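For reference, chains read A, B, C and D in written order, and residue numbers begin at 1 within each chain.
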Amino acid sequence: MTDYQQLIERIYHETKDFAQQGKVASYIPALARVPKDAFGISVVTPDGKCYCTGDAQQPFSIQSISKLFSFTMAYSKLGVEIWDRIGKEPSGTAFNSLIQLEHEHGIPRNPFINAGAIVVADIILSNFSHPKEDLLNFVRELADDQNIRFDEEVALSEKETGHRNKALAHFMKSFGNIHNQVDEVLDFYFYQCAIAMSTEQLAKSFLFLANEGTNSYNGHEILNPSRAKRLKALMLTTGLYNESGDFAFRVGMPAKSGVGGGIVAVIPNVLSIATWSPALNPMGNSIAGIEAMERFTTYTGKSIF
Amino acid sequence: MTDYQQLIERIYHETKDFAQQGKVASYIPALARVPKDAFGISVVTPDGKCYCTGDAQQPFSIQSISKLFSFTMAYSKLGVEIWDRIGKEPSGTAFNSLIQLEHEHGIPRNPFINAGAIVVADIILSNFSHPKEDLLNFVRELADDQNIRFDEEVALSEKETGHRNKALAHFMKSFGNIHNQVDEVLDFYFYQCAIAMSTEQLAKSFLFLANEGTNSYNGHEILNPSRAKRLKALMLTTGLYNESGDFAFRVGMPAKSGVGGGIVAVIPNVLSIATWSPALNPMGNSIAGIEAMERFTTYTGKSIF
Amino acid sequence: MTDYQQLIERIYHETKDFAQQGKVASYIPALARVPKDAFGISVVTPDGKCYCTGDAQQPFSIQSISKLFSFTMAYSKLGVEIWDRIGKEPSGTAFNSLIQLEHEHGIPRNPFINAGAIVVADIILSNFSHPKEDLLNFVRELADDQNIRFDEEVALSEKETGHRNKALAHFMKSFGNIHNQVDEVLDFYFYQCAIAMSTEQLAKSFLFLANEGTNSYNGHEILNPSRAKRLKALMLTTGLYNESGDFAFRVGMPAKSGVGGGIVAVIPNVLSIATWSPALNPMGNSIAGIEAMERFTTYTGKSIF
Amino acid sequence: MTDYQQLIERIYHETKDFAQQGKVASYIPALARVPKDAFGISVVTPDGKCYCTGDAQQPFSIQSISKLFSFTMAYSKLGVEIWDRIGKEPSGTAFNSLIQLEHEHGIPRNPFINAGAIVVADIILSNFSHPKEDLLNFVRELADDQNIRFDEEVALSEKETGHRNKALAHFMKSFGNIHNQVDEVLDFYFYQCAIAMSTEQLAKSFLFLANEGTNSYNGHEILNPSRAKRLKALMLTTGLYNESGDFAFRVGMPAKSGVGGGIVAVIPNVLSIATWSPALNPMGNSIAGIEAMERFTTYTGKSIF
């Protein structure tokens, strides 16, 4: 049996210096001042046991990892209908590209590029009466932790600088694929990206994906097993922007990353894992995080392949 | 315990009529005259047991499935060096597109689009003394079957009509990413695509991927476990052209398809499976084959996710 | 000597039925209700003589023709500096495409596609104290006519439906190529597009381009001869969106079109000409207008080539 | 009246040092060894008078300027039919790009990018019994000079290195837009590009375009006035690859350039002009040549605008 505590401590020491090769996201001040050497790793097993090392209790901006939460909310509500408005294919281009949108008439390639997540935000606005509260409650229940909050400073900064996202939203609205007001959709989207969580909270909150879709803490079915499987397939093919193929290749786990430096991943029936190191590679993914994830599957010999 | 024989017979009957919705590939005569209602399914388990139904012993043109064989040969020879000349990412565009090649200076996105497979063919020409024989012997050993042959008629037809592939090869040569003569590279490539195999032979030949890289019939390590894992990750993200994401989503198995109507897939440590139904959807993948694969993972509850 | 009056009447009758092959722009109500068979032609010679036929005194929405006015205003103010923020090349793509913008980091290909005109609007906002009034006065002086107005209904409708233009503006702002608030830039832009003018007013207002840059009515130099030449070159290569090459080929005059159905063109030192017929071809240009222009240069044997 | 001799000598001295900023084409040895400071200017007026300075009698490889000759030959033979197989629009992309071809199903944007010229070569092969001789005779007649030859060394070098052009040809053949064998089409194309001419010969050979389509030396109509006009329009919008707009803007003459460093241009009814300076800018056009042309239209005040 694997001693996860010992293993993640070993990996922590082996990979922490990789952060030196990357750059902390600097497009908003609140992200830019995060210390480059922050580093946390958390593993949670289906029995609820949690193994942590480093800055695993320190909340950080989860950014695009929030797309997993909002998509799960929308998917559990709409089911297959959601695919009328979003695709399921890798994009082959950068996370905030408008090119494919133009060729494909405003239908984003998948829910994990920005355009797709903005459509998901639009769906949530149309289907939930208190979108922000409902999202926060959803996340808190998944993580079994009431202390999860929006970082208001981050949310406001995103709003001021988010011209690329505004462009995406207006562009899709011009094709009829955004139903609510662009400002309202983006207000929700910027708040969603500004959720602050620690690796421990993240690993706990995605344990349901290692448990066939059911919340281990309270037994609620979040997604049925078939949908949970489908969501993991999507994560594998599209979860790390246009580095998804490489991550699947090196690491072999369904995962999702964010420019705050977090990555979460799962091995079905085995565990969920989260890492946080804010220094990013040119694709926008955490350098030390990917290294740690790769060693984790190599050392344990466990992956989905 | 699953009764695979009963299961594939049930699936055979449930899905055979899906072929009516598709079109048999018609760009060369030898493919065009394949009967639309041909249909075979084969499953092989690690103990070597083989379950077959329908036209499972009928050889057909494996076409792009051959890219898995040639890539495995080249990868086992070159190791990581191979990634200097080919990427590991989904392409986001059609299997024979030149667009990405232009933006990315002649480096194909992955080994399973045509451009990538042509680079692999070039690598084989540079590294093996009798490329065609060596490939055929490699396939025969994997399938534990000496009766596998090239279909000469198909190979010659491809040569006459393959202007798109000639364009790809010359284009990459203009970037320096083809080292041998274009005619020689394509001669090998067209032969490779013209290998004729049955679903039984295919399922047997890819059993090594369900066995951590080792040939179950003779114990030879084809790829080490880490490389076998990596190859399966590549298959999952890129094995069905720009329908790879959707296939991962619906089916959840690493797989590879060909325009001859074949699909092979594996579940690590569990089984390999092959289907053949020549009627294709607009993406170039077998309609009944995908339906059968989806039901297989749904009914067994087994997939990689 | 050409009898222009007789000539344009002949052309009027020969080409008016071409409008039946096209479609009136329908994206805003005020444009959609323009009668399909409205048709006017006006020619003005350097001595100020005006030849008119059909609905030549009927004001219509000049739409993209306004890009010529705003660009001339900005160019006469900034001179060569303007080329730091806009290119001079044909775009090769549709008038409202975002694709090239992404590849070229927010610098529009030329001032006559929407993105370029929005940058021009931004420049005007930064350089004129009363942008709308200043523009209207500029146009009135050029046309020697104080009765030119904004159509408020059109301006407001544009604002409500202009999501594609909002996308363009935010996209360029994300690259730093829009300096003012997007809403203010677009407010000006939508008003500019909503100027209502007749063909007579249009032909008069662009006479300065047939007069080496100098207003024939009051002797003011609008652009020096070198800049006037350059502007005409731009019109020839980019004035009719991605139909510019074809128009140059068929007609051989520097020109600018709008989705309101207007086209203006000039032959240096010879004349300016304007046509209006609201039915458009799929490129967004007036069908009868192009036909009339082509016959005009064919029958007179005059063009720039 | 302009003293052209004095003018081109002045321009020669003012612009010869611009060559230092560029690079001589080096993709084949015969081009690479051309001295960087070679520089010639020739002007020919409708009365046949020729003004020359510098290396105006030195033959060089005309390369893409030959596209004007072959297109004129094909256009005079086929007339409007030619537009079924080639477009008339600027490409917006580099001269040897395959991207647009893929989106537009093998129809090149215009006859002056490589793909378009290869289609023209294919048309010539189908319509002339001795293509190479017929082309050479056509050029000799236009230039009123029997001493014009192919440079065999250049033709053979092109053949060995022309993988990009082979890619273009096979790609278009895959769409059915090349009717002859690719090797034969390219053999002609490479010879065509290898015609060696001096600026004097070039300026003389394109005098017919300043003379409404009629050869001034023998009175033969090469193109009727309408087609001559159309060809000049095409040259203006597409003659300098994706620098065409900028050249029209700065210079204001219909023109065609080649990577051998030559440029030819005409002012209808006024003159033809040719320059040669082999150092190229990144767009593949002669730096000193463009400078000289710009000064020529500025100092004379003559252009088409």
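The working rule: a residue touches a chain if its C-beta (ideal position, glycine included) is under 8 Å from a C-beta of that chain, and two chains touch if they have at least 3 such contacts.
Just so you know, these numbers come straight off a predicted model, no measurement behind them.
Visitor: If more than half of the interface residue numbers appear on both sides, call it same; otherwise different. Which is it for chain A and chain C?
Guide: same
Visitor: Measuring between Cα centroids, what's the chain most distant from chain C?
Guide: Checked the centroid distances; the maximum from chain C is B.
Visitor: Quick one: report the Å distance separating chain C from chain D, using the average Cα coordinate of each chain.
Guide: The computed centroid separation for chain C versus chain D comes out at 32 Å.
Visitor: Taking each chain's centre as the mean position of its Cα atoms, how many Å separate chain A from chain C?
Guide: So the centroids are 47 Å from each other.
Visitor: Go ahead and note the Å separation of the Cα centroids belonging to chain A and chain D.
Guide: About 55 Å, centre to centre.
Visitor: Out of chain C, which residues touch more than one other chain, so two or more?
Guide: Within chain C, no residue contacts more than one other chain.
Visitor: Which chain pairs here would you call touching?
Guide: A-B, A-C, B-D, C-D
Visitor: Touching chain C in the complex: which residues of chain A?
Guide: My answer: residues 97-99, 101-102, 163-164, 166-171, 173-174, 182.
Visitor: Under the definition above, what is the set of chain A residues touching chain B in their complex?
Guide: My answer: residues 87-93, 100, 109-110, 225-226, 228-230, 232-234, 236-238, 242-246, 248-250, 252, 254, 268, 298, 301, 303-305.
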